[in-house]
Every structure is written in structure tokens, then in C-alpha cells.
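When the chains are written out, they are named A, B, C, D, E, F, G, H, I and J in that same order, and each has its own residue count from 1.
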Amino acid sequence: MLETFDNQYPDRRYSIEIVCPEFTSVCPKTGQPDFGTLTITYVPAGKCVELKSLKLYLQQYRNLGIYYEHATNRILDDLVAALEPRQMSLRAAFSARGGITTTVTASYETSPKT
Amino acid sequence: MLETFDNQYPDRRYSIEIVCPEFTSVCPKTGQPDFGTLTITYVPAGKCVELKSLKLYLQQYRNLGIYYEHATNRILDDLVAALEPRQMSLRAAFSARGGITTTVTASYETSPKT
Amino acid sequence: MLETFDNQYPDRRYSIEIVCPEFTSVCPKTGQPDFGTLTITYVPAGKCVELKSLKLYLQQYRNLGIYYEHATNRILDDLVAALEPRQMSLRAAFSARGGITTTVTASYETSPKT
Amino acid sequence: MLETFDNQYPDRRYSIEIVCPEFTSVCPKTGQPDFGTLTITYVPAGKCVELKSLKLYLQQYRNLGIYYEHATNRILDDLVAALEPRQMSLRAAFSARGGITTTVTASYETSPKT
Amino acid sequence: MLETFDNQYPDRRYSIEIVCPEFTSVCPKTGQPDFGTLTITYVPAGKCVELKSLKLYLQQYRNLGIYYEHATNRILDDLVAALEPRQMSLRAAFSARGGITTTVTASYETSPKT
Amino acid sequence: MLETFDNQYPDRRYSIEIVCPEFTSVCPKTGQPDFGTLTITYVPAGKCVELKSLKLYLQQYRNLGIYYEHATNRILDDLVAALEPRQMSLRAAFSARGGITTTVTASYETSPKT
Amino acid sequence: MLETFDNQYPDRRYSIEIVCPEFTSVCPKTGQPDFGTLTITYVPAGKCVELKSLKLYLQQYRNLGIYYEHATNRILDDLVAALEPRQMSLRAAFSARGGITTTVTASYETSPKT
Amino acid sequence: MLETFDNQYPDRRYSIEIVCPEFTSVCPKTGQPDFGTLTITYVPAGKCVELKSLKLYLQQYRNLGIYYEHATNRILDDLVAALEPRQMSLRAAFSARGGITTTVTASYETSPKT
Amino acid sequence: MLETFDNQYPDRRYSIEIVCPEFTSVCPKTGQPDFGTLTITYVPAGKCVELKSLKLYLQQYRNLGIYYEHATNRILDDLVAALEPRQMSLRAAFSARGGITTTVTASYETSPKT
Amino acid sequence: MLETFDNQYPDRRYSIEIVCPEFTSVCPKTGQPDFGTLTITYVPAGKCVELKSLKLYLQQYRNLGIYYEHATNRILDDLVAALEPRQMSLRAAFSARGGITTTVTASYETSPKT
């Protein structure tokens, strides 16, 4: 469902940061909604993500029961599969529950940093 | 008392940050309550900490007399024992006493960073 | 238990604001601790509150099960009884529970404002 | 569905402010989710709102298509019907769409302010 | 060009605030672009402004040469003509030129405030 | 030296706020430069101040020895003489000297506020 | 010890605000230093306070044992005696002790506000 | 169209950062204006960019339809061609669309960093 | 005069940060008081500093004439002598004098960082 | 004109940061004043800069026409000549002109960092 468009500067190692402060899913344990801010940062290879399709992709989690840690890793995996980037990281900062705030950060890269 | 759940992405080196701004214990010298914010950051191996049990674990310090430095190190040791993480750090920022603010930071790792 | 000292400027209508960001009590429903910031503002008549005794008075709520609304009103009543001020207000801002934050504000005065 | 509990201080004119930063509904025109922060302020008469039921009540809007202006007024009407407060105001600040941010504020009171 | 929709709560005196941080016009003297943030606040009578049409209306100023003071008053006049509100104010905060920042605030109301 | 242009909306009581954070003069006692931020707010009658001429007018103080209080009142008098506004206030916030910060606020109006 | 200079604009009702963030005195009970920020606001009649002498006057409290409430009122009385202003207020915000912050505000005026 | 002036310190490796918060272009897909802040950082070799010409150069994008990623890379290429710097980076932070914010960062350098 | 207590975790390389925003000394040149914030960060070996004794130690500077640079280095030397830490740094940020702010940072370590 | 005093800790590699937010010079092109904040950071060898003489030195630029880039490099050269430091950097952040803000950063060191 994630759409892409061609990166017109494939030879330059540059980065794109996308902040989505309106992510929401459902806690699989309590059935209560969770809210969070996703920050996606990637170095494109041949493809860039189309923002409208990203927005619709993230809305699929709106009524889905899933833990923070799994949501973070699954979104990263889906984006990596669709974009085949040189490098990507995903930071997911969830709002407080029971006075405790959780942020999960995962990353992917094809080769050691240079 | 700390409960865990299985990390479903054990092969990925990713991090989890948990902020607990409602930590309180008692000063062993004066008997007065202390307040602080704990920031736990770890790279899970096989296990992740369950947040509700973490909250209950930290509440055990509510009426306990203990120094800042010892509380910080003891909580780190307990979390390391329960989670056996690849890496963990604990930052404990206590509120001012006598116009002086103290922050204690300790960390654990199984091997040198890569 | 609240101690007072004599107001040396009883003829001047001046105000004293006291902020206590380390208030904690227990939720009577869930048994979980609550945290809040109390802001007491008063115009003294003959007496001022002694700060050390105020601190010890507030610590009595540390392990007490009580609702936000009742704690706020009870503390106001106790302070009014001890200080007999010209005017007093109490603002109690509690930290978020379930993504919802509550602030209760109550006030007392002996006569209409001038 | 909104539950209440008895106000134990019905003779005192005091106020309760409740902030809900996790409100979300659906735009009836585009089908896209909207996000906002609700701030409810009221002076209770005989009843106070129970927070858990308020949270569940607001979750009913999660998948409902409704305009900002109507959601704000409807929630105010429902809360007034359930609580019969002396006074109530509702401020709903919605996040930006097309670079434009909207905040709707409505209020109710039984008699002129004193 | 400004479109409206019916206010479903015409009997309640409530307010709508709309913030547009992406306003731009052209300085008639220098030909250089100006940038500003418009804050529209109004109490609707029978009609509310449709946001998409407001956005398109404001884009008409993008390549128009006009002074700050005149733009502010003209936009207010156009909105009042289209909405016939009970009350409306417009605050236009322009970004600095030559180290000097200007904010123009104008308002309209059908009757004295109550 | 202050230039003006015609107010095209003389029948509307609206306000213009101008912030000048780059005001500098010289302390007549020590010969050291002083720095401050001027905030001019006025309700125009027939004339508005032209910003470029205001900037040049204020630069006349750059090498002038004058006390804070006198500079504030003199600038207000000069602006009132040039603009004949319905109302004007001038707030001059000077940067700290010897750990002490001073802000002088003066205002003018032709008739009581309505 | 407080020196003054002539107000050159005695017919205009304007205000002067002076912020002194470096006030320090000694707690008469514990012998420990206290720290605070004083904000003096006054409408001058015939005299303005000379800032250097104000600074030296406040330094007299550096090693003096005195309670917050008394220091605030005494400084106000001394300034009123020296300046004979139309109106004056003093806000003294002291830094936290035992997690509790106190602000004392007192004011003087020769006649009701207009 | 980009003008330059000679760098008088060509032997020193120093940096120049230029922030342009008033960049605007048009979305090629929707025809709607986009807004962003450009941050240009470079280490000059023989030439520095003249700011007025930079401002006029950026205004050429005001009515141009172009994607974020392409605008960022094209501006970087044009600046590199005109200035032949030792090093240059361009960070373009665009304002939110559909609740999603994008920042593109690209850089150029003649040789590995030292 | 600086007292210490035993570090119960001598084998762990952890850090303690202590912030003292209420440091004051006297300028040896002008006799005027100076104010600053000290930030002490250290990795303990066998001993930790007792906070009350640190507070009393710093109060010895209250009426002492000493330059910023010397005070910073002397305090560092005294703390190193008393604690024999693995590593220590001291950052002293002094408040503005004549519009100029100074921060002195010095550090000590027994061996190169690992 | 820059005066120095002896560094009493010449064997310790420590740093001194001096922030001067009140720098002003004149644009050589337009004759208009420019304003900026200078941040000087250095590791002293045998000499430290005396602050009063630094202040007077910087005032020499008050009525001097000079470009940002040249002023920054010239001040750095003058300070290096007077202090012969181990290391020095100068960051000059100028206020916005035409909506564009410029910051120039230059540095000097006698040998590679350790």
C-alpha cells in the first residue's frame, strides 16, 4: 500500500526526515487507544516514499491492537521493504500511560556508516 | 517482581527509553521524601520489561529510606538481572534540596559498543 | 499540626503565594499514587503559615487514599481554619492519568473583593 | 454513558479543569482523522464527572464523522445534561489542516457570573 | 469567493478562532514579499466560514501589492460581509523588516459586548 | 523627521503594534551604550507612521546621551506630535546593568477608554 | 541611603518596572542564605530612584537575618519613604526551600486607581 | 543570478550559516503553496554569496511547482556552482501537510572532512 | 571542610552531576557581588561528596573577593583533593556584567578517557 | 587596546566562554546599523582577556562600516594576537535583514586537538 516515486538524485547521499505526530493504535492488553509521534529518517537509494500513501498506511493502525515495540519494528520493516533505502531509522515516542512514557528507536542500514 | 515479555525482534539492535517522572523515596538521614525522574534506556536481548510491573516495582521505594546514589545503582542492578539486556543505562535526576540538584547516571553493557 | 507566626504587617493587604510541586497522595479507587502541584495564595490577617509545618502537614497525604476534589477542598478548609486569612485560594494541578489531566481550584474569602 | 459522583462540597463555588489532549474524530468530508485537545472547565453543582467514563465517552468519537464546530457543541451539551453544573466551558483546539488551525470555544451557565 | 456553511448552534454565543501562519503578500513599495500570521476570531450568527475556501481566498494576496494596515482591514471587511457574524476580530502579525515587527489588530461587532 | 501616511480606515478604532528590538542610546553618566526593545502601540486617527522614517528617527539616539526615563517620554511625545493618534503607549525594556533590568511604560490618550 | 533624581515628566502617569534577580539575605532561623528576585513597579510623582543606590541598598540585606515576609514589606516601606510615589508594588519571588517556593507581593498607593 | 563577493580570508577554514525562514514554492501535484525554512551552511573557498541576490534567487521559487526533494537538491546544486565552496549543506524544513512534516538535508564537499 | 561518604559501587564507572545555582562571591576589583551557577560532574572512585558539606563549603565564597577564573580552578582543586575521583569537571556560569556573560569550564582526570 | 591578565593555571587545559549580546556595527553598503551576538570561546595559555577592555574594544565597531564576514575574522585575529591562546573560536550571530539571518563561525588553534 506504500507508494513511492523515483529519487532524482540517486548518487547523492542525502537524508529525508518525516515527522508524524498523529499516530494512534490500540493497546492489545487494555483495548485503550495509544498515541504517539513517529519520526522516520532515511537516506534514499532509488525510491522516495509518497506522503499521502504513508499517511494512509499509518491509518491502518488506528483500530489495530499492537504493542509499542512491535508496531515500531513492523513499520520499519514495511518501509524498508517498500523503499529499499541506504539507511533508515524510526523513532516512536508514545504518550504517557500510568505516569510512564516510552520511546522505541530502531534502525536499518545496508552497510556500515561512512 | 519485575515481569518481562519476549522481544519479538531479538536480532535487531534497537533501543527502548522509558521515562518515569513520578519516582519518590525517603531520605535516610532526614526522613523527608525525595522526588526524581528516572530515565531507563536499554537495548533488549531476549526480554522486554512489562510497564505495569515496572511501575509497581518502583513504588516499592515510596516509603524506603535510601540515598540517591544507592537507589540508582540498585535499580540498575535489578533491571539488568531481570532483563539481561545487551546494554542499559539509568539516569536519575532528583529535585533540588538546599538549592542543590543531583543527577546520577549509571550504565551496564555486555560488550564494547559497536 | 499547621503552625503559624504573627503577621507583622496586619494593616497592609498583601499576598503570599506558596507553590508545592511535590504533593502526592493515593487514589482511593486503584490504590495507585497520584502526584500534583499545589499553589496556595492568601492575603494574611493576623497569622502567616510556617513553611516547615506546612510541608509536614502535606506529607500526611502521602499514603492516604483520597479523591482530587476532596483533597483540594479539605486542604483549603484546614488552612483557612489555621490561618483565618482575609482571602485564600488553592489550585491543585494533578499529573495525567489515562491521558487526562485535572486541575481543581477552590477559594475562600471573608468579604467581597475590593 | 457519562458517569458522575457526588460533589461533597456543593456549597462552595469552585472549578475543575480537565484537559484531554488525545481527542480524535473523523472529518465527514474527507474521511481523514482529525486530532485535538479538549479543555473542559466547570463549576460543579451536585455532581462531578467520573474520569474513566469521560475517557470512554470521548472514545466514541474515534471513528465518527463530525465537524469541529458540531463536535464541540455536542460534547458540551452532553456534559451539561449529565452534570447539571453551575457553569461549564469547552475549548477544543484542533491540529492544523492545510496550514490552518482552528479552536472552538463554547460555554454554558445557569445564571450571570458573580 | 468565501464559502460558508450553516451554524447549527445559532442560539449559543460561542467563538471560533482560526490561525493562518502562512499568509504572504507583496510590499507595494519595494515589490518584496511580506509574510505574516493571521488570527481570525469570531462569534458566528447564522454562518461559519468553510476553511478550504478561506485558504483559497487568502492565496489571492500571494502576488498582490498591499500595505499591512490595508490588507488587515480589507480581509476583516470581506469576512464580515460573507459571514455577518455577531463579532469578529483579526490580528495580523507580520515578520520583521529592517529589524522592526508590526502587528495590526482590527475588530467588528454588531452590538456592545455583554 | 517622522513621516506619515494617510489612514484609509479612520472610522474604525483599530490598533497597530510596532516592536523595535534594536534601540540603542548612550548612558549620559558613564558614556557606555545602552540597549533596549521599544514596543509602540497606537490607535490611529488620520495618520499612520511610515516604518522606514521611524527606523531613521530612532537611529538618532544611537550616539545620544540620555536617561531611560527621558528617552521613553521624549519618543512618546514626538510620536504623538507627528501622528495625533487616538491613543498611544510606549514600552521600553532596557537590558540589564549591574544585574538590574528596567522597563519604562508611558501612554497617551485623547479621551477615556471605551 | 536610597538616592533619587527628579522626574522630568511629573504630570504624566507612567510606570517604571525594575527587576533585581540577584537579591540575597540570610534565613534568621537556619542561618542559611536565601535567594530571590525582586520586581519593583512604581508610578513616580516627583522623584525616581537612582539605580546604583538601589543596588547598594539591596546589598545591605546580603548578611542580614530576616524572614521573607518582613524583608518584602520593609523594602517597600523604605522605597515609599524615599520616593513618595503615586503607586508602588513589590513582588519578591524566593527560590525553593524543602521543595516549596514562596512569593510575597505587597503594594502601596496614595489614592484609588483611576 | 546568484552574485558573490571575494572571501578576504581564503586560507582560514571558517563557516557561514544563513537561515531563510521565508521560503515558499508551489506543490506540483495540488497547486497549493508550500512554506519552509532553508538553512544553508558552507565553508567558503574564494567566494561568499551576496545576501540580496540570494534572496532574489529564492523568490524565483515563489510561483514554481516543484517537489520538496527536488527543490532542496536543485538549490544546493545552484549554490555549489556559483560559490565553489569547500563544503556546503542545505537543510530544508517544510511546514506540515496532512499532519506530516518533512525535512530534507543534502550536502556537498570537495574532499573528506578533516 | 568538605565531607565525603563511601561509594558503595566503586567498580562501576558511573557519574554524579551536582548543580548549584546559588553560588555567590565578590568581585576583587569593584567589591560588588557576583552570582553564578556551578555544575560539578564527576566519576567517583572510593568517595562521594556529602551535599550539606558541599553547600557550606561554597558559602565560604559568599564574602570572598576572587576572580571567576581563579574561583573555578580553586573549587575544582579542592574537590579533587577531597574526593580523589576518577574524573571531574566544573562548569561555572556567571551572570552578566556590563552586558557580557562569562562561563569557565575546567576538568581533571586520572587517565585518558575510555 | 585589549588588556590581559596572567592566567594563574597555565598548566591546565580549561576553557573560557564569553557571550556579548550587545555587538553593533554599521553595514558598509546601506549605512544602516547591524546587531549581533558574539560568542568567544578560548583555551588560555599565559594570558586571559580583561573584560572591561574587551567591552571597550568591541565598542570601536559601533560606528564602523564593515561586513559580517570581515568583522568576525578581524575580531578573531585581534584576540589571537593579544592573548596567544592555545585555541580560540568566535561565533557571530547577526540579527535578520530582509528575512535572512547570518551566523559566521571562525576558529584558531596552535596544534591539532587532543
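Following the convention adopted for this analysis, a contact is a pair of C-beta atoms (placed from the backbone, for glycine too) under 8 Å apart; a residue touches a chain by one contact, two chains touch by 3 or more.
From a predicted model like this one, the values you see are computed outputs, not experimental measurements.
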Required minimum of steps from chain D to chain G, each step between chains that touch: 2
Chain at maximum distance from chain A, centres defined as averaged CA atoms: G
Chain D-chain F separation of Cα centroids, rounded to whole Å: 44
Whole-Å separation of chain centres (CA-atom averages), chain F against chain G: 27
Of all residues in chain F, the ones touching two or more other chains: 21-22, 32, 35, 55, 95, 97-99
Chains touching one another, given as label pairs in label order: A-B, A-C, A-D, A-H, B-C, B-G, B-I, C-D, C-G, D-E, D-H, E-F, E-H, E-J, F-G, F-I, F-J, G-I, H-J, I-J
Chain B partner contacts - residues on chain I that touch it in the complex: 7-9, 12, 14-22, 48, 51-52, 54-55
Chain G - residues contacting chain I, complex: 21-22, 24, 32-33, 35, 55, 59, 62-63, 95
Residue numbers on chain H that touch chain A, as the complex places them: 69-70, 72-73, 97-107
Complex contact set, residues of chain D against chain H: 32, 35, 95-99
